[in-house]
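In the two assemblies presented below, chain A is common to both, partnered first by chain B and then by chain C.
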Partner chain A sequence: MKKAENEKIIMDVRNAAPERIPKPLVSYKANKKGTVLKKNLVPGSIVILLAGRYAGSRAVFLKQLDSGLLLVTGPHKVNGVPLRRVNQRYVIGTSTTIDVSKVDLSNISEEWFKHSETVLPALAETQKTLDATLLAEIKKVDSMKAYMKAKFSLKKGDRPHDMVF
Partner chain B sequence: MATPRLFVKGTVLGYKRTRTIQRPSSTLLQLEGVNVKEDTGFYLGKRVCYVYKVGRESRCIWGRITRAHGNSGVVRARFQHNLPPQSFGATVRVHLFPSSI
Partner chain C sequence: MAFKRFVQVGRLCVVNYGAEVGKLCVIVDIVDASRVIVDGPTTGFERKVMSLKALSLTKVVADVSRGIRQQKLAKALEEQKVIEKFNESTWGQKKLAAAKRASLNDFDRFKVMLLKKERSLAIKKAIKAM
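And now, the complex of A and B:
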């Protein structure tokens, strides 16, 4: 597609009048559509974190940020996973979901997560209110809190290729 | 629970080879619980880590599973650096990322 577009631009430029206006070639690098979310991920899905400090923990997927990364949280009160960005490829999306329609994510900015050294007061504040809302939703379902607290681990005889998440 | 295990254990069988010539750029791995070619699809592209110790320090060589090998669930992998021959028979960790589920 891009090769054809570029060939057309080259031919236009060659065949144009002396006062030709150069057009920039289509870049092969730019991914203008953005990261496509995996089909089974929906805001509210419980995901299993596969790598990093919180590997094995289950977290609630809140929304996809502009950079394509997922915004997740434990909630922090339940299993210690804070508001965090994670790449969707380092996460297993389970079919379990929580209702997150009442959750307010409007004041969360991606800038907060770029400097992990200091926890901004705004972030701490948002974490608190978010945790409260999510905890209310978690309590509505039987065993959901225990499920969120438990960590996912492979045991002897487990075959991930046969598992249904 | 101790640290959760989020990888599948595999054994390094050796390099890709014919009877007399080895091709060290590709290694063959036997994954636990994967005995049939149809089951290998899940693992394609998954990142693999060969962990070894140097003195008291742990180091690792990362790689990826590239394709199935034969009909019985054996799999080929390419590593950032070819695996050393002392890895034959050793355990390798096949992680669950990059995940497509």
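And now, the complex of A and C:
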């Protein structure tokens, strides 16, 4: 078969062997499954925040948002950690949980956390009611409030790889 | 007698070296002056030859015959309450406490810290009152 100098060779897809037909490369851009929640995290789990403004604080994990980030709160009244998004990679999930079945998270949207000035009153309102519900649950367990107030730190002799959280 | 704990068939031992560190096992047969055949049916390791250097003898002896099979050994240990006897001893209590301490979760460790502070305060008060 004679080819003209600038002629491209076009593959006859109908007759070519399947392994010779070019396929598009896998796109890793879209994370189709979404962020998988760590196995031990359950709504109501107490988590230890490891980085950022509130590093060392313990917070209550409320739910996983659509973006894959975790929604946590101190509660604010207890230790100053507000309703906040946090990446689960910067968090240690402990096996302690509190009951969050009575908590209403329906009006919380991710838009609130994108620093929109107009949303602040709604956020403050939700924070207040949420705190009240969570505080009631926290008070049911002995020493839980003091535990939530306290900060986590590694002390001499602590071996994090050996510690059970 | 100068020695009280003998390497004998049925002697309960604690492994102090190697992969099975900390586990309880029973001497089932003797190979020579430095090695024994040991079996840990209750602590989950298969019968094997171990050097006596890797074992620490406890004061508990099970009444079993030489070369007893693993399942029969497990049954005998349960019937004679061998592990329970060990757990009652000071050594046994310490091992249990260490296991408990290792299994505490973050909240438990916090509660322990509060209790330690409470105890320390009570001690200081008692000393001051003297």
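A few notes on this one:
Basically, the second predicted complex is superposed on the first by the 135 of 165 C-alpha atoms of A that agree within 3 Å, B and C clash if a C-alpha of one lies under 4 Å from a C-alpha of the other, contacts with A are read in each partner's own complex, and residues count from 1 in each chain.
The rule we apply is simple: a contact is a pair of C-beta atoms (placed from the backbone, for glycine too) under 8 Å apart; a residue touches a chain by one contact, two chains touch by 3 or more.
Just so it is clear, the structure is predicted and the values come from calculations on it, not from any experiment.
Room for both chain B and chain C is found when the two structures are superposed via chain A, with no clash between them. Of the two partner chains placed by superposition, only chain C is touched by A:S95; chain B is not. Taking chain B and chain C in turn and counting the residues of chain A each one touches, the greater count comes from B. Touch criterion met: A:I46 reaches chain C, while chain B stays clear of it. When the two complexes are overlaid on their common chain A, residue A:D66 makes contact with neither chain B nor chain C.
Within the superposed three-chain model, A:F165 lies in touch with chain B and with chain C [touch as defined at top].
In the superposed model, A:A146 makes contact with chain C only, not with chain B.
Once both complexes are placed on a shared chain A, the shortest Cα to Cα gap between chain B and chain C comes to 11 Å. Overlap of the chain B and chain C contact sets on chain A: residues 92, 152, 162, 165. Of all residues in chain A, only 46, 48, 92, 94-96, 142-144, 146-147, 150, 152, 162-165 touch chain C in the complex they form.
Chain contact summary for the complex, chain C toward chain A: residues 102-107, 110-111, 114. For chain B in complex with chain A, the residues that touch the partner chain are 1, 3-8, 33-34, 39-43, 95-101. Taken together, the chain A residues at the contact with chain B in this complex read 38, 40, 50-51, 55-56, 88-93, 151-155, 157-162, 165.
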